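Following this message is one structure expressed as structure tokens.
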Amino acid sequence: MTREQRRNFFKGMAFLTPWLVGFAVFTAIPIGLSFYYSFCDFALTAPRRAPLWIGLDNYRQLIHDALFWKSLGNTLYYAAMALPAGMLVSLGLALILNANVRGQTVYRAIIFLPSLIPAIASAMLWLWMFNARLGLLNYLLGWIGLPGVNWLGEQWAMPSLALMSLWGVGNTVIIYLAGLQDVPRELLEAAEIDGAGPLRRLVSVTLPILTPVIFFNLIMAIIGTFSILTVPYIMTQGGPNNATYFYTFFNYDQAFKFLHMGYASAIAWIQLAITLVLTGTAFWSAKKWVHYG
Amino acid sequence: MMTAPATTRPLGNRWNAMMVHLGLICVCAGYLLPFIWMCSTSLKAVEQTTEIPPRFVPHPLRTDNYVKVFTHPSFHAVLFARNTLVIAIFTVLGTTLSSAIVAYGFARIPFHGRGILFGIMLATIMIPFPVTMVSVFRIFRWMDAHTARWFGPDNALQMLGTFKPLWLPAWFGSAFSIFLLRQFFMTLPKELSEAAKIDGCSEWGIFWRVILPLTKPVLAVVALFSFMNVWNDFLAPLVYIQRPEQYTLALGLEAFQNKVGGSEWNLLMAASIVVCLPTLILFFLAQRTFIEGIATTGGK
Amino acid sequence: MKFVKPVIFAMLAVVAGVFLILGSRQSASKAPPGFTVVEYWEKWVGPEAAQMQIIVDDFNKTVGRQKKIYVHFMSMTDIDQKTLMATAAGVPPDITGAWDNQIAQFAAIGAVEPMDDLAAAHGITADYYLPVFWNACHYNGHLYALVSTPGTVALIYNKRIFQQCAGQLRAAGLDPDRAPRTIDEFDRYAAVFDSKNPDGQIDRAGFCPVQGWYVPQESFWFGGNLFDPASDRLTLDSPATLHAFQWIQNFSKQLGQQSLMEFQFSLGNFDSPQNPFLVGKLVMQQQGPWMANYIAHLQPSLSEALCPKSEEWKLPDRTANYVWGVAPFPSAVPGQQDVSYNSFDALMIPTGARHKNEAFEFIAYVNRQDVAEKLNTMHSKNLQLRHASEAFLKHHPNPYIAIYQELAASPNAHSVPAIPIWTEVFKELTDAGQAVSVEGVEPLVAVRQAQQRMQAQYDRFHRIETERQRLGIN
């Protein structure tokens, strides 16, 4: 390195210091510790129950734990519903909110509003709305003459949560809107002159340019789906009969309800592994369909 | 920068425009309905909340529900608001300051390994909270045990049992804010820094006196996002706060939910609205800055 | 117009400032200077919390003032989790008011302190307590908890509906003037009360076990034990437990699985005037003595058939004023009488509590004969002590309190099994109840699965325990 390069290196690292320290203390070390703990049994009730090395026992037990598979299955079931629906709805909304009609500021604000509400408030609101006897949804269904649905019953609880997630797409829509600004008007006009209808213009011009944004939102959505905890915690407590027992809920219970800290670390590590695999797959597939520039 | 929302070119005929309006109105009605329902329930008397069929316009209008929220035995609105504010202020200050400093390093100083470190920083966004939750808790506990040994229990450096675990990490940069600020810094022309350097300014000087003042709008966005995250956060307080007198508003709302059944839905909705109010007001005030803030930084 | 935004911002800032100042003043403590402050966290909210506050105030004015102790009472939700997390964080309360379900689990993971010496020093011994509660407060031979309020579970039934259906009952060979005495009789009574309305929906059910709170404990009324200390094995697939789950499934077979589900979600909340027992949708229930308070609060007319409650002392038989009756819940084992499940609210001292001795002063106070009687009269519960004064039994809000007290003293009184993974077994058995009732799973399959999973957990717990003992890492 030249002298200038070395000076820049130290200057750069100096500015990066807050992040470097934070990364070490709040990310790198905890992940390492968490890995170590996943091979231990301990309860954080020091001085009692100090970490005891038990090798692969936690992982062995996880494989035989029906709740592990159930919570994993639940999370994947939710992702299978909420991810595609969320992507479609948010993209669709962004497209329609991008149209040149008056009052777009108001419309956009309304769509964005639900994402401002604290998760706990919206969880309670929807708990109320989904109530089989007293809730708004069954009341509206009754108006049209359809029978009420047991929204939070065992069969429908997960789909209901996926439905509820569509209410909070505001964040994603805003990002799509920002991305849509980058679609050059000239290209669209040229396509129209060439005789392309609105659908063709969408598929051939807009979407390809939008692919980086779609990719970004996909990654965020995957991460979000696997981090979901507040809503089921408040609304259903994981029930009924574990129908909404998400993976993060399983982790939280084992850590803070039963104080099986080692077991919880193993659970968390598997979650990390799954998240890495999923985002890795997304990155790999990105080469096929994401067009930069 | 923008006075009207950027859109596609004007629609050809009025019929198209009307269809779009109709679609938008339907969708927005769907999105607004829960809000309206929330407000309606918040003004009902308890007996009316369990009425079948439920009605939209409460009669009588019980605005005293809002008074009851503030005098509820389990929901100490003023205390919880104060707690949330304390955490919010420290978090927002920490986030904006530290993220700006780190982002400057990533954006304006070319050095070896910068790209890799930036990639690692972005990757940390993907780490789910539960993975580090237990270990961070243990690290705090370890720190507390040691400071207690040297300075006695209840000393100023104690982490657990105070608000510090909630706002201290913010002082080390927030990945999302760093990202936003870095994107913005990269759009500023190099000539600015070079001119300042010729004038004999140190790197820190350039940062503090030249670049930062230009960043006010983006800083505002970062501050706003940061504030709203803290205001609405439920999980971190759930893990780190146990004593009722330290509850934040989000935690406090749980007090209205009677798990044995018979929740006071009207008070719950009223309290929820009270808790949402600051973020809603802030959003309406800063709406344009908000949306533009993400657009100008590219969002990619 | 340009000034609007800055003005609103300024107003927000002012409001924020006001909240900051007002809020900071609110959190000051009310303890007299120089007193040891004992932090007491309790699960109750509402009236029950207010009643415990009265006891706390009494303590602070008498024993507290004498010994310079001030008890700071805080009521909160999710007490078990909050206590565990606070203990893990190193900032636990001095007293935690959790449930009986937590005692073994907390003790097993070292989250609570033993109290043997303190109890002995205060004269609280096995002779003072009823055996069922005394044993349940122990784990591994040590005392880890004491009782604040017990709650014995018995059969509560709607006398009015019994009389309304007198003809049908007599036709079935049953006596409408008394409660069922065996499980077979009970099932036949319940069948008489089941009724559907014209479109096939259930209108009223005699009994609905999965609606109740004691699914994991049903086995006790069938002669089961859930845990055998001698062989140190769980017995979740014993014939008794199997019989209990078959019995649970019979109700959904009788009423129809789908109809039962719809019936269940049409029922009102426990703590509301639409409580299913109070509105006559469920005729018989397993419940505790606290029902007297809930009925008095939500549907007082059920306790005032002849005259207002304040006048009923003048009646020769107080119970005649009540439309509801209480009896021991029948047992399935021939000849076995007075079987009950005895739940209770426990007071424990978390590990790392700052003021253990002072905390115990309050716990001992709550267990003093007169104080325990006062608290349990307010809460409408029975007593954990062997001796109950005449005044307690006579002036209790629940006219049947003597029945509860006898049940708690009977040799067939059961309480929480001392299983360190009890909370997980509890969840497992509750899920099994749902499975056989709502999903139609075969009871044999359900209990075998529960036994297998829970025994595996229990064995694993033992393995780790032994390893810890061997290495001396406690």
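A few points about this structure:
Going by the order they are written in, the chains are A, B and C; count residues from 1 in each one.
Please note the rule applied: a contact is a pair of C-beta atoms (placed from the backbone, for glycine too) under 8 Å apart; a residue touches a chain by one contact, two chains touch by 3 or more.
Predicted model only: the values in this text are computed from it and were never measured.
Under the contact definition stated at the top, the chains bordering both subunit A and subunit C are B. Distances between chain centres, each the mean of the C-alpha atoms, put C farthest from subunit A.
Subunit B and subunit C have Cα centroids lying 40 Å from one another. Put simply, the C-alpha centre of subunit A and that of subunit B have 16 angstrom between them. Looking at subunit A, one finds that residues 44, 46, 133, 256 touch two or more other chains.
In subunit C, the residues that touch at least two other chains are 85, 88, 90. Listed for subunit B are residues 50, 137, 141, 145, 239, 254, 257, 259, each touching two or more other chains. By the touch criterion stated above, subunit B contacts subunit A in their complex at residues 5-11, 17, 20-21, 23-24, 27-28, 31-35, 37-38, 41, 49-54, 98, 101-102, 104-106, 109-114, 117, 120-121, 124-139, 141, 145, 169, 171-173, 178, 203, 207, 228, 231-232, 234-235, 238-239, 249-250, 253-254, 256-257, 259, 265, 268-269, 272, 275-276, 279-280, 283-284, 287, 291, 294-295, 298-300. Residues of subunit C that touch subunit A in their complex: 80-81, 84-85, 87-88, 90, 105, 109-111, 261, 265-266, 351-352, 423-424, 431, 434-435, 438-439, 453, 456, 460, 464, 467-468, 471, 473-474.
Contact residues of subunit B toward subunit C in the complex are 50, 74, 76, 78-83, 85-86, 137, 140-141, 144-145, 153, 160-161, 239-240, 242-245, 254-255, 257-262, 278, 281-282, 285. Contact residues of subunit A toward subunit B in the complex are 1, 5, 8-9, 11-16, 18-19, 21-23, 25-27, 29-31, 33-34, 37, 44, 46, 93, 96-101, 103-105, 107-114, 116-122, 124-126, 128-129, 133-136, 139, 142, 167, 174-175, 177-179, 181, 185, 188-189, 212-213, 216, 219, 223, 226-227, 229-230, 233-234, 237, 248, 251-252, 255-256, 261, 264-265, 267-269, 271-272, 275-276, 279.
If you check the complex, the residues on subunit A that touch subunit C are 41, 43-50, 52, 54, 57, 61, 64-66, 132-133, 150, 153-154, 240-242, 256-259.
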